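Read the structure below first, then the notes.
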């Protein structure tokens, strides 16, 4: 399949043009004209690229790409990474907010469906976009925590709210910024990725529950969905590469 | 002592006017005209304010204040916190970047001195300011780690660089953004507060060491120095209030 | 009635989200959860708040609120005013441009209807919005002046245009900035609130008529309409509080 | 004298390059190369230009010029005014903030000296500049009011502060914006030009005195000083043209 | 015909309000109220104005007007040009990007039609607007060059692409900035006005053909169309004034 | 010699940090750590890079680099060029405005010295910087033209000013934007690189002389000086690569 076709497919499906952010969404580095296999991973790092090559892929599709705001100098690890991609004719495609926010394959929509909650309302304003979702249920906090613990390792939480959860919201990655918005919208539980210092008093003074499933883990859900999509819609080989960062 | 004198003293000593950032540095909320006791704490939360009142203080001096960018609406926890301050005539003074960056009482200068390194070069560009320091030494990585483990709990680290440390830099709070700058300046070890997802591949691909002593803990050092300063320079009662957030 | 319901009603009716300005439109300070009475006044001052309390209101609805651009420090009269509101659990709601520009209850639509002119065209570009109206008639300048003098005190005027008025425009508050626009749109008479120095030569060189009914008086019309609306639509007690400033 | 010499003299003396504002300070319209007479007036209006011509002047020096922000279209009264200037080869020179703020000939320095107060501290932050002055004295409010009433017509005032005036500040034109700053700096009396609606509650809640000597009158003082300066320093004919606007 | 009617006609037909740029589109200088004849020319220069007067026109319609970004000082040649217009009551109307981009009378649409290519796709992003067009054909490069050489003098070209042209794009004036966009859109030949240094390597490394018909000549096409339009639609005298600049 | 030493030398000598522009000044692409030979050329194109490799250089020093504003996508010719540099470990260093403006080796200082005029005054404001120079002499226009014709090919000129040249200014590259500034500063002759359409009427209505020596040629002077400097100051092999673009 031609690179431009692959790029068009993801650009359209993920609606990357609707997001204006520092991260470049879409093709970041152009590689071989023919794409036979794509690997999906969270971060654009040397280990990802080496394993992409070992897997005989022509394209790396990642959540965190190489270009944030525009490259002003090609040196250090950027040079090392870019050199590796260009020499091996590996394309790099990145989807940051478009992958968080997508209603079907987005990290947050998937996270809610995992605990059997339908993503009903866009939620979590970040740089002008709603990147997560909220939905309704009738569950115990403990019940939800259990399901998440079965699926993810090293979960943390702040239990400052009610035992009963009637509204739950999800923001992948670092989502503690949305605690105030959660409170204003009567969310009882916010599920996010990375724990952070500022979350503690925000949750406590707002009397709200927060569960942290890890930054890395929270951002693998959408990519895994895309593996299937690439196979079924593009008829192309696809594989998820797992490189946990411990956070 | 008059409030305006206390404010003038800290404004001058910490040079708060040199920092233009979202956080308001200096007096954020005006309380009683007479100040007899100041409590110092990391975060401006309800627990901090309640304990300030119990300690019979007239002013809360914190690293993270209540005003970021300008208040557009007084509601939710902001209303709760502001109401408490105003009703009890508690002043709130905040020093964010000025307290990270100060050469004497700054969090980062203190952190380096703790491991017996002199803070020689300003380091860590954040929103146009150098907020940390770097210095030279001739130590083993393990040796430094040991000293830090004696002083702080729950330390984490990424050991991707050399065993021998000849240059070390410190950035309190969330400092992983400075890994690239550390590499460019031949820093062998970066000490910072909060671990974060993006640090992993940055450290790995840059082959550099990073130690995380916790966001909260990394920001208590400057405040503790200020307790002594308030006593000796202002001749006023002063106390540090410890409310760890677990991060 | 719940505060959030009252806020939603005014937010929707006045379409406050359509106006991006320094002034915060909508709820500025959150008070008691239950609203039983609202007082309406032009300015958010201590006298307004004291009289609101005397009137046993739970909410002050004003044209000029407390927050312009974002609060960077709570001190001086802002502290005095905010403390009073928070201690007495008085909510503060403000509508600035939305109240000038509204087609039904807006100050300018009401002003034109007072002299029996239908507000047909949006008029008076201010920070990107048309905040007033213009309409057509067939009247003498003197005739209009007379009606206004029956309704307002201390009226001033600049009579540099025609005796016959076929088109008239209204801009409450300080509206002399719109004299050029008035001329370009063949307006024969501009009615506004506050007289100002720069109006003189603008009106003279443009050969146009201007009547000044006072800043305060020109901004009471919309509020008085809202008193009725609150009673009929919300079924709540409502009262206009008159505190003229002499201008 | 050559136009460029006249322009250089005023540019240097008034330090017009230090002020970046919407108003263009310095030469706005170039006229005859030779300047034999200059008229000084507050506003750049048709009446000013006609009287300049009658006075056989080659240049109009005004406080409020024709260019605010940059001309986007030459039509209406701008066209009429510009046409008159160009056809009659009249130069137009304007000094807005530089004339308010000047320590020798500035409107505010002159105003304070009129009531026998030395302009000691720059005061009145406007768009990043201090445009007025404050000074110290030991006078009764009534005493100062009397001197001003001898010099100006139609004076107004808000007497919400102390009878005794120990610190007084002056801001020509519309200066009510500086009431808060006056309060913070322990000013007992603010003298300014134009009365405005928003001054009332600001003065009242701040418990401060304000005297309004009229916008026009407050801005004639600096110009009259410049008449003398032009005669003595440039050796050129100079004349003040008085066109009061009633405000 | 009244000036305001003429202005309204062109404003609407050319949709000048859709373009926000430094150049002022629409009426720049207001002249006589009655318009009997319009001359059209590329540049607003003294020679254009003198010849407009000789032709007994009341309005000059040009592609490059006098106002770019807003006039801050009326001196030098701007003063000379403005004085001439105002004294002779000549109106000046300017259409910059609206005239490049127009689908009927635009310079680029006309240029493509000249070589018998239908302007199908908007092309050439400049300050947020597509100002040119691209279309499809099946021609030899030499064939197109020949047609252009019959119509224009002093043509230059860079022949780094294919002999066969299947897609061609046009950008009047200085259009070499669009070479990259041309390559990305599979354009085989870009026709533009002014040759420039930076075009050489862009064209060479992109292996694309570029023909330069001269800045001036490329911008006469739309104006000549407007001459006819003014006659037929406005029923007014109209004339094109040719003042080539040699480029 | 180490790359970082070479970079430091040019950064310091050319004072690249004083210029904030879209173009990145300084190292753009990092290559081999050891630099043995540098080639200097005007443009960063494939031909330049291929010839640098043939010349066995480790670094390309150019006036027009690859990065303008920040790279948002690595594709097309940027990918081709970057791949070539990275694969061959060629460093790319660029100096844009710093090389135009330098008092010793700058293009414009060198150009004036070529016609035996001392570069006395910084001249030619471009994005906030003076990038050229002006100086005084007592020569005929024809005399200067002759010297330039001996040194450069294909010279053009606009002779609208005096025969006698007493002040001359130089702006390399595209410098016609400076014609107005030249007139205001009594420059009789402006020497620049690239002829452009807009220069014609500017020069004519300003009655000033302009000579165009070609964009490419005007920007080779500084680079040739740097060849000598690299040899003498760095003790390194250096060579100028000539790739004229015909403009």
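All chains are identified by letter, namely A, B, C, D, E and F, in their written order; residue positions are counted from 1 within each chain.
Operating definition for what follows: a residue touches a chain if its C-beta (ideal position, glycine included) is under 8 Å from a C-beta of that chain, and two chains touch if they have at least 3 such contacts.
Predicted model only: the values in this text are computed from it and were never measured.
Counting hops only between chains that touch, chain B reaches chain C in a minimum of 1. Identification of common neighbours of chain E and chain F yields an empty set. Relative to the C-alpha centre of chain C, the farthest chain centre belongs to F. Chain centres here are means of the Cα atoms, and by that rule the chain farthest away from chain B is E. In this structure, the chain pairs A-B and A-F differ in their number of contacting C-beta pairs, and the larger number is found at A-B.
Of all residue numbers seen at the chain D-chain E contact, over half occur in both copies; the interface is built from largely matching residues. Chain geometry summary: the mean Cα position of chain C and that of chain E are 47 Å apart.
Inter-chain spacing, taken between the CA centroids of chain C and chain D, is 31 Å. Residue positions of chain D touching 2 or more other chains, listed in rising order: 76. Contact residues on chain E toward chain D in their complex (touch as defined above): 24, 26-30, 67, 69-76, 79, 82-83, 86-87.
Contacts from chain C toward chain D in the complex involve residues 43, 45-47, 64, 76-77, 80-81, 173-174, 180, 183-184, 193-202, 204-206, 215-216, 245-247.
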